[in-house]
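Each of the next two complexes has chain A plus one more chain, namely chain B in the first and chain C in the second.
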Partner chain A sequence: MAVTSALGRSETGTTRVSAALWRRGWARAVLTLSPPLLWFLVVYFASLVAMLITALWSVNPFTNNLVHSWTFSNFREIFTGTYLTIIGRTLGMAAIVTVTDAVLALPFAYFMTRVASPRTRKLLFTLVVLPLWASYLARVYAWIVILQNGGTLNWTFQHLGLGSPNIGYSNVAMWIVFSYIWLPFMILPVYGALERIPDSYIEASGDLGARNLRTLFRVVLPLAFPGVVAGSIFTFSLTLGDFITPLLIGGSSSNFIGNVIYSNIGLANNLPFAAALAFVPIVIMIIYLTIARFLGAFEAF
Partner chain B sequence: MESRLTRVILRVWVVGVLLFLFIPIATIVLFAFSKSNILIWPIHAFSTKWFPIAWHDAQVRTALWLSIKAALFATAISLVLGSAAAFGVHRFRFFGRETISLLLVLPLALPGIITGIALKSAFNFAGITLSLYTIVIGHATFCIVVVYNNVLARLRRVSASLTEASMDLGANGWQTFRLVLLPTLSTALISGALLAFALSFDEVIVTTFTAGAQNTLPLWVFGSIRLGQQLPEVNVVVTFVLLVTAIPVAVAARLTGARGLTRSSAGTVREAAPEEPSAA
Partner chain C sequence: MKSRRRLWRPASAGVAVIGVLLIAAYGSTVTAAATKGHASGGLVPPTAHYPVQKSIGKGEGKLNLIAWAGYAQPEWVKPFEKATGCQVNAVYPNTSSDMVSLMANGGGGQYDLVSASGDADLRLIYGGDVRPVNVGLIPDWKNFHAWLQSPGFNTINGVHYGVSLQFGPNVLLYSTKTFKTAPTSWSVIYSKKYAGKITVPNNPIQIADGALYLSKTNPSLGITDPYELTQKQFNATVALLKSEHPLIKKYWDLASQEISLFSSGAAVVGAAWPYQTNTLQASGYKVAETIPKEGATGWADTWMMATKAPHPNCAYMWIKWVSTPKVQAEQALSFGETPANKLACPIMNQLQKGGCAAYHANAAESYFATLKFWKTPLATCDNGKNDCVPFQDWVTAWTQITG
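Now for the complex of A and B:
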C-alpha cells in the first residue's frame, strides 16, 4: 500500500529508494563512485597490466608475429648503450625544459600576484590558460613555420642584421618548443603558490630588516618552491613521453623516448618492445612523484 | 615593496612571456590567409582561397566528422562518469579520497604515450579491432578528470543547507537533484563538457595508438605535416582547430571563472580556494 507523504503525493518505489539512498551516505557514495572507478579499473589499469604482459612477450623476427612466451629480453635491451643514451638525452631535455619554464614562470607569476591589479591579474590568468587548451598540434606546427630556414625567425634576424640562426630541426628547436608548449603548466601552480603568501610575511621580513632581495630569496622563493615542483611534474612528465615534437621539430638524429616508442609501433611493428620502453617514463615518474611529494608539491596544487 | 625599477623589469618580462605565448599562434593564423602554396615568410599576398579548398577536401571532411563523433561520445561518457565521481567524493568522507583525484588526473599528468601504448596492448590482448569506439575509450579516460574538477569545485561552493532545505520541504532525493542541485551545477557541467570536447577534438598522442586506419582531424594534420603535403590546407585546418579549442575555453572561463581551467586539480583540492571574480 502506498504511503501518502506530506506533500500529498503517494510514495512510489523510486521515491523510497531515493529516500533510502539519501539517508545512507555510504550507499550513495558506492553507487556514484563505482561506475567511474570501474571505468578506470577496467580501462586504464587493466590496460597497464596488458602493457606489462605485452612487454614480457617478443616478436618473431621472421614472421613479425607476437610470441606469447615470457622473456625479459625487451627490458634487458633497454639497458644497453643505445637506449640508455636515448633515455639520458630525454631526461636532460626534460630537465632543461623544466628549468627554463620555472625561470620564465617565476617573475610572471610574481607580477600577477604582487604588482598587477585584480583586473590585470584576471586577464593574465585567462591569457595563460588559453594556450593551455588551444590546439597542441597547432602550436607545435606554428614553430615549424617560425624556425625552418625560410621561416619567420631567420627573416627577422636577417633584417636586424644578425645573420641566420638556422635552428630549425635541431635539439635547440625542441628545447624552445617544449618550453613553449608546457609553460602554462608551470605558471599556474607557481601563481597558486605565490598567491598564498600572506602580505604580512613580506612586511614582517622587511620590518625585521631584510632588504628586498633578501626577502625574495629567504621568504618568497622558498614558499614558491612547492609550486615550481608541482609545475615541474607536468613539464617533466610530458616532455618524457612526447613524440610529436621530436618527430616534427627535432633533427634526423634526435631520438627521444617518445619517438623511439612510436617508431616501434609503426615501422618496426614491435609492440612488446614499445610496451617495455613505455615503462621507462612510468618508473621515472614514480621516482619523481615520490621526491615531489617529499618536497611538498601536492599541497601546492 | 617593489622598487620602480623592479616593476619595470617585471612588466617587460610579462610582456615578453605573453609575446612568446602568442606570436606562434598569431603566425599560424596569418599563414592560413596566405595565398601562396609554400610556407615562406614574409607573406606576399593574402587570400581566403584555401578555406573552401580545405572544406571541400574529402579527406578533411571524413576526418572532421570522425573527430566530432569521437569528441561527442567521449564528452558524454566523461560527463556521466566525471560528475558521478565528483558526487561520490564530495558527499562522503573516506580514506583515500585524495587518491581518487590523483588517479583521475593520471592520464593527463602522465605522458599520453603511456595511455596510448597501454590501450593498444589491451585491445591487441583482447582481440578488439581499432575503431571509433577504441578512440572514444581512450579520449574518455583522460576527459573524465576535466568534468570531475569542474563539478567538484562547484559542489564545494554550493552550501549544504540548500539541499537540506529542499529535503526539509518534502522533496525526495531525485527531486532535490533535479530541481536544486542540477540548476546550480548546470554551468559547471556545461563548461566541463566544453573543455572535455576541446581536449578530445585536438588529441593526437593517444589517438595515434587507438585509431585504426581511419584519421581524426589531428591525425590528418600530423600525417600531412610529416609528409610535407597539403600544407596550405593544414594551415587552414589548424587555425580552425585552434578556434574550436579556444572558444570552449573562453565560454567556460565566463561560466565558471578561469580557475576551473587549470587541468591539474588546482582550485579543487584546496577547499578554501578564493573565488575567482565572475567575468564582467
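Now for the complex of A and C:
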C-alpha cells in the first residue's frame, strides 16, 4: 500500500516521519531539545527546588526526624556571628585567590600569546594543563609535604639561613594551595582573550605614538579584562565551594561554608540547615555573575 | 594494603566512629531511660519478644554483611568461608547514618549482620531493625570482658540485640621530648603553656571530652554523664573549648594529619586514638599515650542481626567465628583497636610483639571503668527530664568553637 511519491520512491515509515518533521519545524525543535531540557529540569532544577523546600523545614531535637512545617529559622540562623565569620572567610579567600591568579596569569598568558614561538607555546600550554591530569587530592597532599614543619619549604629556608616559615596548616597555606590549584582555570580564558587581540591594534597604538607601557595599559589590558573576569568566575566559585583543602591544609580557624554544610549533613543529620547554608554560595555566585556580565565576561566566549 | 586499610580509619572512622558513638550514645540513653522507666518509660524494642534460635542449623551458603571498612578482611573471611561454606558479601558504609539507612526495614531481607557502633545501636534496636540473639550459641561470649557482655548499648532488659566486637579509647598523646613524665590530667590540652602545639579531633563529640574534664575539675556543675548535659553544663563546656581554640594548632580530621603534626613537631600534645600512638612509635618518634586521671571517652562496636536476616545460621556462624580469640586478635591488630575477647591477648603478642599491651587488651577492669563510651546526645536525659542538649546543638556549638 506504499504511496509513490513524486520522485518515484516508495514512502516508508521513516521517510514519512522525516517529511512530517521537515514540514513542522516546531516538532523538530521539541524532539531535539526535550531530552536535555528534561534532564535540566528534573535533575538540575528539581534538585535545587528540593533543596529550597528542605531548607524551610526543621529537625525535631528529640527524635532527630524532619519536621515538615515551614520555618525561616534556618535562614535566620545563618545571620548569626559564627556563620557570618565563616562566610566572610570563604568570600575573602575566594577573592584573594582570584586576584592572585589574575596577577600570575596575565604575564604568563601574555608571554604565551605574544612572545613565545609556536613550539614553546604548545609546550607551555601542555604545562598549564598538565596538573589537571593528576588527582586533586594527590596535589593537595603534595603541598602538605612541602609546607608542613620539617617539609621541603622549611628545609630550603633553613639551608638558606632564612629561618623557618612554618606555614603548614594555616590560612596562608590554604591561599597558596588554592592559588596553585585553580591557576589553569585563569590562564586559559586570559590566553583566549589575549590571543584574539589583532596585531594591528598594537601596531596602530604604536603608530599613534603610544609607548609599550601605554599600549599595555590602554590597549592590551582592557581587551584582556573580559578574559580575566571569565577566569575569575572559575577561581572564585571553585574556591567558594571547596571544603577539602580547608580540611586538609587549613589551620585551627579555617572552616569554610562547605565544611559547615558537610558537618551538618554527615554528623548532625540536620539537612534543613545544610540546605539553607548551601544557598549562600548560590546567592553570592548570582551576584558575582551579574557583576561579571556587566564587566563583559560573557563576551569573551 | 595494610597501611591503606589503616589510613581509612582516620578518614571514615572519624565520621563513622563519631556517628557510631552518637548512635551508641543515643542508644544507651534510650536504653537507660527504658530500663529505668523514666522519660521513655515503657518503651520496649519492637522485636523484644522475637523468638531466638536454640541451635545453629545448616549454613545457607551465603552471608551479607554491612561492615566498617576493615572489618571483613580476607585474613579471617577466607578461612571462615572454607570452614562453613558461607560466601561472605560485605558493603562498607562511611557513616553510622548510612548503616542505619541500609538496615531500614529489618535489613530488607537482604542483609544479615551489621557491625554497628554505639551511636547507631539504639536507633537500630528501637527501630525494630535488629532482633535478639542467643548469646548461648556463641561459646566465646563468656570470655568477653564482663562489661562488654551485656552493655547498655546492645542489651536491653537482659535481651541481647547483638554481640560486642571491638572497642577503643580516645587517649592523650604527648611528645616524650616535651613531657619527661606522662601528663596526669587533660588540663595540658587547655594550658597556655603549650599554645599552638595542641591538636584535638575536629568532631562535635569532642565536647564530651571537655565535659568529662569539667565533671572532675568543676564538680559544682554537677556533670555525671558527658553525653547528657543540661544547657548550663553545656555552656560551661563550650566556654572551656572556646578558650582552648587559640591554643590549637589544628583540629584534625584524619588520623594521618595528627601523625604528621606530631612527626613534624608542629604538635606536642593532643587527643588521639591508640592507632596514632602505635604508628608514630613504630616509626621511631618519641611519643607516648596515657589515660589521664579524669578518664577518657571511647567507642565500641557490636555485630547485630537484621530482623529479616535471610541467612541466620551463617550469621550465627560468623559471630561465633569473629568472637574467637584468633580472629579477635587479627582484627584488633589489623584495625588498631581492642578486642572484646580477653583470650585474644596472648595471640596478639604472637602476631605482633607487644601487640596486646599496645591496644590495652590486657588492661585491668579498672581501666575500662575510666572509659565513657560515645553515645548520641539526646534531648531526653537519663533523669527523665527533657532538658538535655541534643546532638544537633552540639554540632552548632562545635562550629562556633572551631569558628
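The rule is simple: the second predicted complex is superposed on the first by the 271 of 301 C-alpha atoms of A that agree within 3 Å, B and C clash if a C-alpha of one lies under 4 Å from a C-alpha of the other, contacts with A are read in each partner's own complex, and residues count from 1 in each chain.
One rule holds in what follows: a residue touches a chain if its C-beta (ideal position, glycine included) is under 8 Å from a C-beta of that chain, and two chains touch if they have at least 3 such contacts.
Since this is a predicted model, take the numbers as computed values, not measurements.
*Asks:* Could you look at A:Tyr288 and tell me whether it touches chain B, chain C, both or neither (first, second, both, neither)?
*Replies:* After superposition on chain A, A:Tyr288 lies in contact with neither partner.
*Asks:* Who touches more of chain A, chain B or chain C?
*Replies:* The larger set of chain A residues in touch belongs to B.
*Asks:* Between chain B (first) and chain C (second), which does A:Gly150 come into contact with in this model arrangement: first, second, both, or neither?
*Replies:* both
*Asks:* According to the stated criteria, A:Leu188 is in contact with first (chain B), second (chain C), both, or neither; which is it?
*Replies:* Only chain B is touched by A:Leu188; chain C is not.
*Asks:* Would you check which partner chain A:Arg139 touches, where first means chain B only, second means chain C only, and both and neither mean what they say?
*Replies:* So A:Arg139 only meets chain B here.
*Asks:* Could you look at A:Leu247 and tell me whether it touches chain B, chain C, both or neither (first, second, both, neither)?
*Replies:* both
*Asks:* Looking at A:Ala275, would you say it contacts chain B, chain C, both, or neither? Reply first, second, both or neither.
*Replies:* After superposing on A, A:Ala275 lies in contact with chain B but is clear of chain C.
*Asks:* Tell me the contact category for A:Thr85 with respect to chain B and chain C: first, second, both or neither.
*Replies:* After superposition on chain A, A:Thr85 lies in contact with chain C alone.
*Asks:* For chain A, give the residues common to its interface with chain B and its interface with chain C.
*Replies:* Correct list for chain A: 144, 148, 150-151, 247-248.
*Asks:* Going by the contact rule set out above, which residues of chain A touch chain C in the complex?
*Replies:* 59, 61-62, 64, 81-83, 85-86, 144, 148-151, 166, 168-169, 247-248, 250-253, 255, 260, 263-264, 266-270
*Asks:* Give every residue of chain A touching chain B within the complex, in rising order.
*Replies:* The touching residues are 5-7, 14-15, 18-19, 21-22, 25-26, 28-33, 35-37, 39-40, 43-44, 46-48, 50-51, 53-54, 66, 104, 107-108, 110-111, 114-115, 118, 122, 124-139, 141-146, 148, 150-152, 155, 180, 183-185, 188-189, 192, 195, 202-203, 206, 212, 215, 230, 233-234, 237-238, 240-244, 247-248, 258, 261-262, 265, 271, 274-275, 278, 281-282, 285, 301.
*Asks:* For the complex, give me every residue of chain B touching chain A.
*Replies:* Going through chain B, the ones touching chain A are 1-3, 6-7, 9-11, 13-14, 17-18, 20-25, 27-28, 31, 38-42, 80-82, 84-85, 87-89, 91-92, 94, 100, 103-104, 106-107, 109-115, 117-122, 124-126, 137, 140-141, 144, 148, 167, 170, 172-174, 176, 195, 198-199, 202-205, 208-209, 218, 221-222, 225-226, 234, 238-239, 241-242, 244-246, 248-250, 253, 258-259, 261-267, 269-270, 274, 276-277.
*Asks:* Which positions of chain C touch chain A when the two form their complex?
*Replies:* Listed in rising order, the residues of chain C that touch chain A are 15, 18-19, 22, 95, 97, 202-204, 245-246, 248-251, 253-254, 257, 260-261, 263-266, 378-380, 386, 390-396, 398-400, 402-403.
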